[in-house]
Amino acid sequence: MLHDAIREIVARALAEDVGPGDITTAATVAPEAECRGEIMAKADGVIAGLEVARAVFEAVDPEVVFEVVVSDGTRVSAGTAVARLAGNTRGVLTAERTALNFLQRMSGIATLTAQYVKAVKGTKARILDTRKTAPGLRLLDKYAVRAGGGENHRTGLFDGVLIKDNHLRAAGGVGEAVRRAKAAHHLLEVEVEVQSLQEVDEAIAADAEVILLDNMDLEEIRTAVARVAGRCLIEVSGGVNLETVRPLAETGVDYISVGKLTHSAPALDLSLEIADD
Amino acid sequence: MLHDAIREIVARALAEDVGPGDITTAATVAPEAECRGEIMAKADGVIAGLEVARAVFEAVDPEVVFEVVVSDGTRVSAGTAVARLAGNTRGVLTAERTALNFLQRMSGIATLTAQYVKAVKGTKARILDTRKTAPGLRLLDKYAVRAGGGENHRTGLFDGVLIKDNHLRAAGGVGEAVRRAKAAHHLLEVEVEVQSLQEVDEAIAADAEVILLDNMDLEEIRTAVARVAGRCLIEVSGGVNLETVRPLAETGVDYISVGKLTHSAPALDLSLEIADD
Amino acid sequence: MLHDAIREIVARALAEDVGPGDITTAATVAPEAECRGEIMAKADGVIAGLEVARAVFEAVDPEVVFEVVVSDGTRVSAGTAVARLAGNTRGVLTAERTALNFLQRMSGIATLTAQYVKAVKGTKARILDTRKTAPGLRLLDKYAVRAGGGENHRTGLFDGVLIKDNHLRAAGGVGEAVRRAKAAHHLLEVEVEVQSLQEVDEAIAADAEVILLDNMDLEEIRTAVARVAGRCLIEVSGGVNLETVRPLAETGVDYISVGKLTHSAPALDLSLEIADD
Amino acid sequence: MLHDAIREIVARALAEDVGPGDITTAATVAPEAECRGEIMAKADGVIAGLEVARAVFEAVDPEVVFEVVVSDGTRVSAGTAVARLAGNTRGVLTAERTALNFLQRMSGIATLTAQYVKAVKGTKARILDTRKTAPGLRLLDKYAVRAGGGENHRTGLFDGVLIKDNHLRAAGGVGEAVRRAKAAHHLLEVEVEVQSLQEVDEAIAADAEVILLDNMDLEEIRTAVARVAGRCLIEVSGGVNLETVRPLAETGVDYISVGKLTHSAPALDLSLEIADD
Amino acid sequence: MLHDAIREIVARALAEDVGPGDITTAATVAPEAECRGEIMAKADGVIAGLEVARAVFEAVDPEVVFEVVVSDGTRVSAGTAVARLAGNTRGVLTAERTALNFLQRMSGIATLTAQYVKAVKGTKARILDTRKTAPGLRLLDKYAVRAGGGENHRTGLFDGVLIKDNHLRAAGGVGEAVRRAKAAHHLLEVEVEVQSLQEVDEAIAADAEVILLDNMDLEEIRTAVARVAGRCLIEVSGGVNLETVRPLAETGVDYISVGKLTHSAPALDLSLEIADD
Amino acid sequence: MLHDAIREIVARALAEDVGPGDITTAATVAPEAECRGEIMAKADGVIAGLEVARAVFEAVDPEVVFEVVVSDGTRVSAGTAVARLAGNTRGVLTAERTALNFLQRMSGIATLTAQYVKAVKGTKARILDTRKTAPGLRLLDKYAVRAGGGENHRTGLFDGVLIKDNHLRAAGGVGEAVRRAKAAHHLLEVEVEVQSLQEVDEAIAADAEVILLDNMDLEEIRTAVARVAGRCLIEVSGGVNLETVRPLAETGVDYISVGKLTHSAPALDLSLEIADD
């Protein structure tokens, strides 16, 4: 991520939380007070977002010293310190909640992703994210998926071709839609959503590089995998959860995309423990 | 919310998702194609964010007609249409995911909030949100809490005084911290977090308007409620969930604040069903 | 104030003044020339805004050294140096006017505020500002009021409840309006503007925390103070000037709010005296 | 002024004042309430800024109808309605203060400017503004000066050459500085500040188009005017006030520039009187 | 392109050109004057950018009526009217230059692209653009290439994999670099620049989808085409001009990318002819 | 140029090119790899934009060391190193294209300008730019013209009076238009476009400081120069090229303005040659 991109997201979050000023801290903490603190995991999980958290403290007070203890992508257990910081108490307290909001969200996504990745271990299936991210936070959400061991599907509508049912209806079928997309975009793989084995055949005939089986049952998926026989990649999606993901992976598909990773991951519990300096 | 504020959040989300253009739609959908569609709930829940969704379609294509079927705050069951739209197919498809991302997140928050509100029904306790929101989306997250029947705690650090443990340590105790805050902010209520009955007494002696009991057990809370005896308001927080919230409410506290409402609410399942025009 | 907030206001002011470049300096001053200078008070007053002035020089040329001689809130007499600076002459001259524009406006506000604060000395009345600030400069205007010894009323419409005559008309009276506001905002004091003793009674009955007596004469104010008898705080406003403020304060009110502090304060005369290096 | 420029200044001012929302109005005014109102002058003065005020109401609620009664630049007496509006009460009340802040500042500047213009009537001297404007509001401040009958000096450092004492020191004298500036900027008049009759001669010899006599007494100015004898334009500045401006003008100078117009003009008293619809 | 994206680029261009105001027009044209005009081609070429030009007039004065006569991508000869407009003269004159600057640049790119496309007609080679665009104008530059009949290579570093010599050096060779890229990006084609036939073999062995022959001579290219024998796509680049492009195309390559299209296209001559209304 | 202005243009260009990330570099270059490189001229020309290029590398990676070898305005031959840099390979490669895009465009403009300047050497004519710049890049384009030895005409519509044919038509003739402009703008020279000798006379009678002869032939220009006889400055424009510019200059005009300098200058060929560290 570009420094400027992080800085801009952080500036917006601080504007929203701090606005005209932290009135509680101004009233109760002496301007010259110094403190030390640790960001502690209060639950087991995978950490992501430490550089974003650092950028929050830097934006509020460039003199705060922030040292990471573990790196993004590390699995930690409750009670582990993930970062240490020291500096002016006012700055630290003003930045605290915004820094934790980033870190808890990103670590929550990384933690949930890691659970899915672990659930499919030993199969060839890889866990993919989707575009179902929090508006304004896509770069961070997708970074967190990678930190959890997942892979990123396209960033947005601009950098990947994924022909869905609504495009199919407008184009008049799988074959025609894939042909149009391939004619327009030679340098991108073309992925197409299919609903039936016949559409699988059409997609292969039209040279689609990836087919997406949306909301098919296991039996249908197994049949589709056999029919494709390695001629293109296969992604499945739709209502995947931690119970269903393993059987899905064992069908032999290449990718399982999981919207929950970014739209429904619970935050990881982290807190800032402060000691006087 | 100011129109400009929504427009700006929507513009940012679209820039992130659409960027240089929706290459799939451009390749597969004729420029003049028209369609009609419905946004359908695919699970039971409480809807929030329809005006934001409308703003997304408007930003992509001002000619798309968007009609709400239910209003924000309405409880719907799976299969209900919550909005109808009609217009150019390209515009509709390009806007779809971003509009749903807002609507699913906001409705997820409203739905979870409504579950907490229902759980405490009949007690005097009210459900409050916290500052644990997705960075950049605080206004929308807090709006969604209201749509679900919850109430908003302060917007940010600037519009409410909440003295927490770290402030207390810096100020040298509950009494001193509350006195400093009241001297600085005559026009705001002063809330202070306390850890013990002795601190409850100090807070009352210093004329705090609200005390926050953080992570106390039910027994301690009941004792604190009795000790306070109506002399100030009482908020509890810390690890509240749908099982524990009712007993907490029955202790007689005034507020229960729940971070989960905004940091861990699963998205509500909604989808756009399109028919050709 | 957040660093970013100051930086943004400064960047905007420089864009407006310097735009494509300082053509006089470019034509007449050698690129390598260095100078020293002092910002001098040319009239008696109270200084505010030195950190903003520093940010202006830094934005134009990060190498300019800027040392404050007195701190914000200090009363100085004409002829006092308030800051010293040294650096590249081009940078210094390009930044000069913008830096002074901030400093003269903020010091003008601080100086006028200090005159009001002095005028009420010995009474319990405190001097408050209003929302009548220069658009875009509210944070700086309110900071300057504090530097002059005044206190800040709410920052904006979002962080304080102040029910004015137009709200009363819409709500149907003082009692109803106060009750509505208190029901909606438990964590903020509710202030209400009243026009008569009967409305004072209504406000107290509805548990308003502050009442605002707008444009009442001294006799009415004294009666109101007696009637309130400490049950809530009292603010007065309306056409206050340096002659009338003392008698107003002696009525026993808690606050006197003065729009003039920010909408009509004359600039304090300050200039940059430069010597060649 | 470009629409976009006004819209941006207005959006910033509203963000600052309304932020997350107008909590008093939300609590006390019914969402469907409608009202009518008039913006009334409460003192004699010259009006400026009505289109900016209109832009404020439009930004908050595009449905509010705003009709100007007088045009910018009109002299009005206390009690005159300058604009009428009608629309949703919530929108009107939320926009009120921001609209008035613009209108009162701009009308204050126009009113003070008109006093100076009137004071020099019958002489050839014209009243000019300076760059001593409120940071971020230069375009509006300079517009208001024109509305009051004054003229604008350069907009910023980029669109006019004005060689001041600090440039002279760096360049090594009036003659050399003017020659450098004329060599660099053929398409702009070159103005130079002079301290003595000898420098007047140097400026004329170097073909300066305008000379600025800063802080000279009347006698010196008269001598300089005679010496110049129409060979270039003459501007005077420095501590001008409403008493001294007439004698200054009678010396025969072409321009008198007055910093007070924009840095110390008291706001004109205006208010919004609302009636229920 | 998103409406908002165009609006933002246009707003920036107008801010730069109009800034505080069009002083010539304000001084010489009556505020109420109306006019009609035509945008005329003064040289033969291909038109692109009419919607951007329309957005410029709209931003300056929403009442100006702008009608396109030909659509983007149309080849016109000198003397053809490409758009007609009518409205307030001041608005039209203020917008004129900025609108033409967009239109002339974009039409220049479209015109040059069309010459290259024509030069390779009848071969299978397609003309591609590069990332060598004017900073800030990439979307418009790439749109203009399409209008001229060319195709777009990747938008930026984010939406296409193109392994160049510097990546190869860092990765340790073609084979390793391609394998790394394919492992990381399953959903994008991988393109790699090669310098020799041996590297061609390595690229094919590693399953690269596209190879880029940079600065090879015709003989080498022909050999490479034969060696590849359809197993992947071939792009050539480097110093292509209108003389060399045809022989290059006849070697049988799939793509020829031409930096000149966007970094060195001369503007197409267009002007606004105005008649009084 | 203000640092902030360059930073903002650079940030926009990087956002456009790098967006969510440089996926090729991330996949193929080790995070800790270091490199050294040189920016080499691959054609003869005049360099401009090195500080902008530096700002690009700094924005991507503040640790990259960037040393200029020649200064802006230097004429170099093919094979000359113009800057050297060293740092993290990923940062260098990600910044490379954006830095070169600025440098190649600006050096292209400087190089073309220098050719025109050389062509008129020995005459009194000076080469001027126009407002025909790439939207969003005017400051850089005009800077590059100066680096090539040209001079800048006005920056935009706000800082110079240039009365063109459309203004004349609206004002009712040269004399009236010039008088209006001079009355409105005492501190700016007034330039007017004329079509005939009679209009030359009108312009002189109205005291225009500069007259612009647009698209006149050499004979007419010579006659106009004789008629003016030094009473005002003369600029010519319209279809100037490297063949026609010398005869134009020899007519005795003061300025020749050339739109091509900024709307049609071919980029100068420059490249970044990297060696491993």
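Order of writing sets the labels: A, B, C, D, E and F. Residues in every chain begin at 1.
The rule is short, and it goes like this: contacts are C-beta pairs under 8 Å (C-beta built on N, C-alpha and C of every residue); 3 or more make two chains touch, one makes a residue touch a chain.
Since we're looking at a predicted model, the values are computed, not measured.
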Where the contacts of chain D and chain F overlap, which chains show up?
C, E
When contacts are scored as defined above, which chain pair ends up with more C-beta pairs, A-E or B-D?
A-E
Work out which of D-F, A-C or A-B repeats the contact pattern of D-E, with more than half of the residue-numbered contact pairs in common.
A-C
Give me the superposition rotation angle from chain A to chain F, based on Cα atoms, as a multiple of 5 degrees.
120
Quick one: chain E and chain F, Cα centre-to-centre, how many Å?
21
Go ahead and note the Å separation of the Cα centroids belonging to chain B and chain E.
45
Roughly how far is chain B from chain F, centre to centre by C-alpha average, rounded to an integer in Å?
52
Could you pull out the residues of chain C that touch at least 2 other chains?
18-21, 138-139, 155-156, 158-160, 188
Once you draw an edge for every pair of touching chains, what topology comes out, line, ring, star, complete or other?
other
Which chains are in touch, pair by pair?
A-B, A-C, A-E, A-F, B-C, B-D, B-E, C-D, C-F, D-E, D-F, E-F
Applying the document's contact rule, which stretches of chain E touch chain B when the two form their complex?
1-5, 138-139, 142, 155-156, 159
Residues of chain B defined as touching chain C within the complex
151, 153-155, 158-160, 186-189, 191, 209-210, 233, 254-255
How about chain E: which of its residues touch chain F in the complex?
9-10, 12-13, 16-30, 33, 35, 89, 93-94, 96-98, 100-102, 104-105, 108, 131-139, 155-164, 166-171, 177, 180-181, 183-185, 188, 259-260, 263-267, 274, 276
Chain E residues within the chain D interface of the complex:
11, 14-15, 18-21, 59-60, 62
